[in-house]
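For clarity, chains are labelled A, B, C and D in written order, and residue numbers in each chain start from 1.
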Amino acid sequence: MTNVLLYAVHLFLFPGLLFIVVMGLLLAGIDRKLVARMQNRVGASILQPWYDFLKCCGKETIIPRHARKGLFLGAPVACFVILISAALFIPVFGGLSMSFEGDVVVILYLLTAAGVAIIVGSAASGSPFAGVGLSREMVAMISYELPFVLVLLAVGALCGQDSAYGVTFSMDEIVRWQTENGSSLLHPAMIPAAIAMLFVIPCEIGMHPFDIAEAETEISEGTLTEYSGAPLGVFKLCHCVKMYVMTALFCALFLGGLSTGILLVDALLEVVFCIIVTFLCMTVPHAICARFKVEQVFKFYWTFVSALALISLLLVWIMR
Amino acid sequence: MSEFISNFPILAIMSLFLGAFITSLLGRKNAVVRNVIVFISMALALIMMLALIKPVFIEGKVIGYWLGNWAPVADWAIGIGLEVDALSLFFGLIITVAVFVSGTYSFTYMSHDDSLVNYYTLFLMLSGSVLGLVLSGDLFNMFVMIEIMTFTAVALTAFRNTYEGALEGALKYLVVGALGSSSVLIGTALIYSQLHTLNLAQITALLTNDQNIVTGIAFAFLFIGFGTKAFLFPFHPLAADAHAVAPASISLMISGVLTKCGVYGIIRLVYCLYQNIDRPFVQYLVTAFGAVSMFICVTMAFNQHNFKRLLAFHSISQVGYVITAVGLGTSLGLASGLYHAMNHTIFKGLLFLTAGAVQHMTGSLDLDELGGLSKKMPRTCILFLIGAASISGLPPFNGFGSKWMIYQAAFEKSSQTGNVFFLVVCVTALITSVLTLASFVKVAQSVFFGQLNPKFENTKEVPLAMRIPMWILAILCIVTGIFPGSVANKLLMPAVNAATNTRAYVSAMMGEAYAAAHQVVHAGAADVQLIGVYSPMSWMLLLLSITSAVCLVAVLGSPEKKKLEPVVGANVPNGPMTPGSIPVTSQSREADERELITDDLDPKYESFFSGEHAEYSQVGGSDLFWGFKKNWRHYFSFMHEWHSGILNDYALYGACSLALTLLLCVLFL
Amino acid sequence: MIIMNYIASFILVGLGIFCIATKRNLLKICIGSGLIDYGCNLLIVSVGFHDGGTAPIFAIRELTRASFFVDPVPQALTLTSIVIGACSTAMTLSLIIMIKKQYGTLKADKIRRLKG
Amino acid sequence: MLQNMIDSSMKKSPWIFHINAGSCNGCDIELVSVLTPRYDAERYGFKLCGSPRQADIVVVSGPVTMQSRERLRRTLAQVPEPFCVVSLGSCPRSGNVFKGSYAIDGPLEKYVHVDVSVAGCTPKPEAIIAGLAQAAQLLEEKRKEARK
């Protein structure tokens, strides 16, 4: 009985639902604040995403005539559920996760499924803006999937050197290997992979320079054109949770070795590192450059960022 | 009972051929008699295959059956033998299930057409020959079955001969298909010239030690022959033409069943007959064919305009996955290949049946024309989503389990042998999976979602009789997706062991002493470490997070009940601010008449069109994924020319690939 | 001596493939596929040849130890493959007739509505 | 308790949707300048959004011309409850210099109850921010009233 209780607490409290949602909103708030400060203006309060979410839940939900009600209302919930289950597979600094042998690929596919949930939601809304929005979202997904997979393969190859199969697809294995031989960021072969991962994160989340799917100026909110009220709030929440999921994934893949074992210190360490990674990979590009065109995003990811990931994969290959 | 079981293989094949014969005899009078006969023969074949599961899969027996009781004389096989081991029964099961589903579907789907007796006779002949090919233990018998299969498939492709392009697709399929079967014939003749026998078991035994140049050439011919049947790389335009024009139940048969026979032939050739899968050259050859056809077909499928032609290209790219996995040579590779072959038949069958349903109801398959059908055909839309989710490998469905096993097998192979070729194959597989997802998003948006084309205003849902087979396949999709672990142990492991364990194969037909005399290798049972994808813990996790998410949304819902769309036309005043209740002055009245406000529906629930009256503007079909197409436009234009549609070019590509394989086999084998 | 049969059969097969690949007229393509079938049949028959052997026809009593036959199995195979060759030619011709009715031409490069 | 938090959050994150009913773009540029670093309306939570479905405050600028009348009415109908309407500049209030022209169809008041009206031919950004802040306050009362 106790382990079920512990398991429920684990699921709902610490690395579970509450922690993920709070962390997501916190990261989004900090990101908006940092962008404002970088543009020399005061910027909204750190709790602004929380207010946005509450305000959206307070508004009326309009279901358009062309929309398909079941999918239209179900898509945000599905996206939220998929993201939470993806986040639960990521070990928070060396422990406390539902990890099993092949869960790196499960995380990859859950993130793809979250993207598909958004796409199905916008397709079900039946608006032409959403049609263009979902095609851009798919192009963004194609473009970041290649480098993302190469980075996962590189880390799997590095951390699976001494395992029987020469490669590992399990997060626990990756984190344990890093605790023994130092986190993989210190290995010279993994520097290009880390940079590639930093580029992949904003596109996967849809942050400013790569948010070709929700381009307000071009296609009026793209995928979320027809959403209002609580479903819109849940989609915005998914956007924030995705920020936490990707940064936590980055910390687990590249900074796995720094866990101290004490639960509280680990949690604080995780929060600090996530904020640093958010600043590096989302705030700086958001403040510096304008939104990319659709084919620029694709060309940028399939040439420059994939080359980086490939270099590190080959380096790991040679150094083996 | 146990010795009677050995007659089941021939009884299954005979039930199908006899069914064909009787339908053509008695079927002319009325439809019910004909349908009953067809149903009985399909059901009989299915029951016999299911009955074979216990002896072959669980007890691991290999059932041999000599036609006309011509047992081998003095260790020399004279008669034609049927041999059913776990591998051929695995494919036999896939085939009989697909035949059963496709048959019941075509009862209603083909009701609009005429001369249905010919249709069902050809259909049963096709399924009989396909089952015969998979169960036969004799090389020339396999050739004869391939020929019957090709002729009936061609005739069925051209069944609706008034359909635009049907005859052309059938002719191309026949001529280049005949090229492929002739190469199988030449291969058989060359093998006979060296070993003077046609029985597969005896060939396996004799080939273990004396493989000279002529058997190498025979290998090349046989590989290209079976490759034609599996529509591998240079032969894939045939399948695209044949599928696009064939009726949906037949395209299910072609893509789900015929390609599997080509795959079965290649597996039997590489794992059992020549046992040269552990030679690096053969692994490169098979994997290269698989990877190239996988990548090219998915990019070709990406900008198609016809729903079924897109599905056809996808089925070849999935067969490319299977061949890549088979070519890896490791036991995990073969297991993932077989698993993906089974999944492919299930979800591709489902997708083709939904395409048939859309064609049956709306009459058109053009992606640019269709749109918004989910309002009119909701159940077909759900079925399509299940099929699309499983083909693009989303977690709870069956595509995920098998695709992920293929990546793992490819990557493990590359890391163990330290060879970069398999790494490139693994990355190509991943890119192909993303492009598959992208093209099915395109199909979903352009056929089911978006705005309804006024032309298809009065389409109704598909009759229940057509939906039952679709639901059977959908449930199979979900079941094999949720329990990959149990599917692997019960179905895949016996099949993989049977493929690698050739001694049992030979001794079943030729006797234990013969097998020992020829030192047939007895590979140990494969200890594939099958990673349990779904431990019960993760299921509880998903369940709990679902409940928490749903109650989160419900609690935070806005206070007043969510108002749904009011009664059409009534301008329900919802608060002081509705523009409907504005004071209308004289000046604006005649302005209104000029404005001709046609739409009396409440504009609140119209989709936002930046203020304009939302007329029909469907974003779908070829104007999606603009960014991706712009970057690849050179590649796409080259591919467009390459698939010229001229019969001679396809034959030329086939001949070149035959020559290339011959050259490689002579040099390296 | 038997080598001539093998060379002839491979020439026939090569000619058939060349004819299918280059000739634009559908009828010539049909002839080409026929040629390939005949090449294969010739190959199968000549595979079973033994120098000095007689035709494998015998009455019950005539079968003695000393009688030396040519291998009968390929001849049986050739029978079936001749039949199959005939069927495939018949099928191709029937399709060509219907295509001529529908498309109005026999030129292969005009019959290319399914492309791309 | 949760509903009170939702009410208070209505005024903390009002999203603006801008409708140009034939304006000379003077007010439009002023509205956007409000979000620049110098005047920074974002510190009160204001954010421009692209679709009327997500709008809380609808800012209308320009005298309602004949062409834009139908579109204005349809877009206003598509905004979810509770929302405020702010008329920007003097054109929507009175038609400004264009009053009496054949192409103008009366003040904005004819089409929708205007909650806050910011006067001035291109009102100063500070005035716009004050108007928007008032509108944000109104949002909270509207929701409380709608909840009763």
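The working rule: a residue touches a chain if its C-beta (ideal position, glycine included) is under 8 Å from a C-beta of that chain, and two chains touch if they have at least 3 such contacts.
This is a predicted model, so every value here is computed, not measured.
Participant: If I rank B-C and A-B by number of C-beta contact pairs, which comes first?
Facilitator: A-B
Participant: I'd like to verify one number: the distance from the centre of chain A to the centre of chain C, where each centre is the average of its C-alpha atoms, in whole angstrom.
Facilitator: It comes to 62 Å between the two C-alpha centres.
Participant: Using CA atom averages as chain centres, what separation in Å is found between chain A and chain B?
Facilitator: The mean C-alpha positions of chain A and chain B differ by 34 Å.
Participant: Just give me the whole-number Å value for how far the CA centre of chain B lies from that of chain D.
Facilitator: For chain B versus chain D, the centre distance works out to 56 Å.
Participant: Identify all positions of chain D at which a residue touches two or more other chains, and write them in rising order.
Facilitator: 6, 51, 53, 78, 81
Participant: Which parts of chain A, given as residue numbers and ranges, touch two or more other chains?
Facilitator: In chain A, 54, 57-62, 129, 220, 225-226, 229 touch at least two other chains.
Participant: Do you know which chain B residues sit against two or more other chains?
Facilitator: 556, 560, 604, 606, 608, 610
Participant: Examine which chains touch each other and state the graph shape they make (line, ring, star, complete, other).
Facilitator: Topology of touching chains reads as other, fitting no named class.
Participant: Quick one: which chain pairs are touching?
Facilitator: Pairs flagged as touching, ordered by label: A-B, A-D, B-C, B-D.
Participant: Using the touch definition up top, name the residues of chain D that touch chain A in the complex.
Facilitator: 5-7, 9-10, 12-14, 36-38, 40, 42-45, 48-51, 53-54, 56, 78, 80-82, 143
Participant: If you look only at chain C, which of its residues touch chain B in the complex?
Facilitator: Residues 13, 17, 20-24, 26, 29-30, 33, 36-37, 39-40, 43-44, 47, 71, 73-74, 77, 80-81, 84, 87-88, 91-92, 95-96, 98-99, 102-103, 108-109, 111-116 of chain C touch chain B in their complex.
Participant: Quick check: in the complex, which residue numbers of chain B touch chain C?
Facilitator: Listed in rising order, the residues are 140, 143-144, 147, 151, 154-155, 158, 161, 164-165, 167-172, 174-175, 178-179, 182, 185-186, 188-189, 192-193, 196, 198, 240-241, 244-245, 304, 309, 640, 643-648, 651-652, 655.
Participant: Flag every residue of chain B that touches chain D in the complex, lowest number first.
Facilitator: 555-556, 559-560, 574-580, 582-583, 585, 587-588, 591, 595, 597, 602-604, 606, 608, 610-613
Participant: Quick one: in the complex, what on chain D touches chain B?
Facilitator: 2-3, 6, 19, 51-53, 66, 68-78, 81, 83, 85, 105-106, 110-113, 146-147
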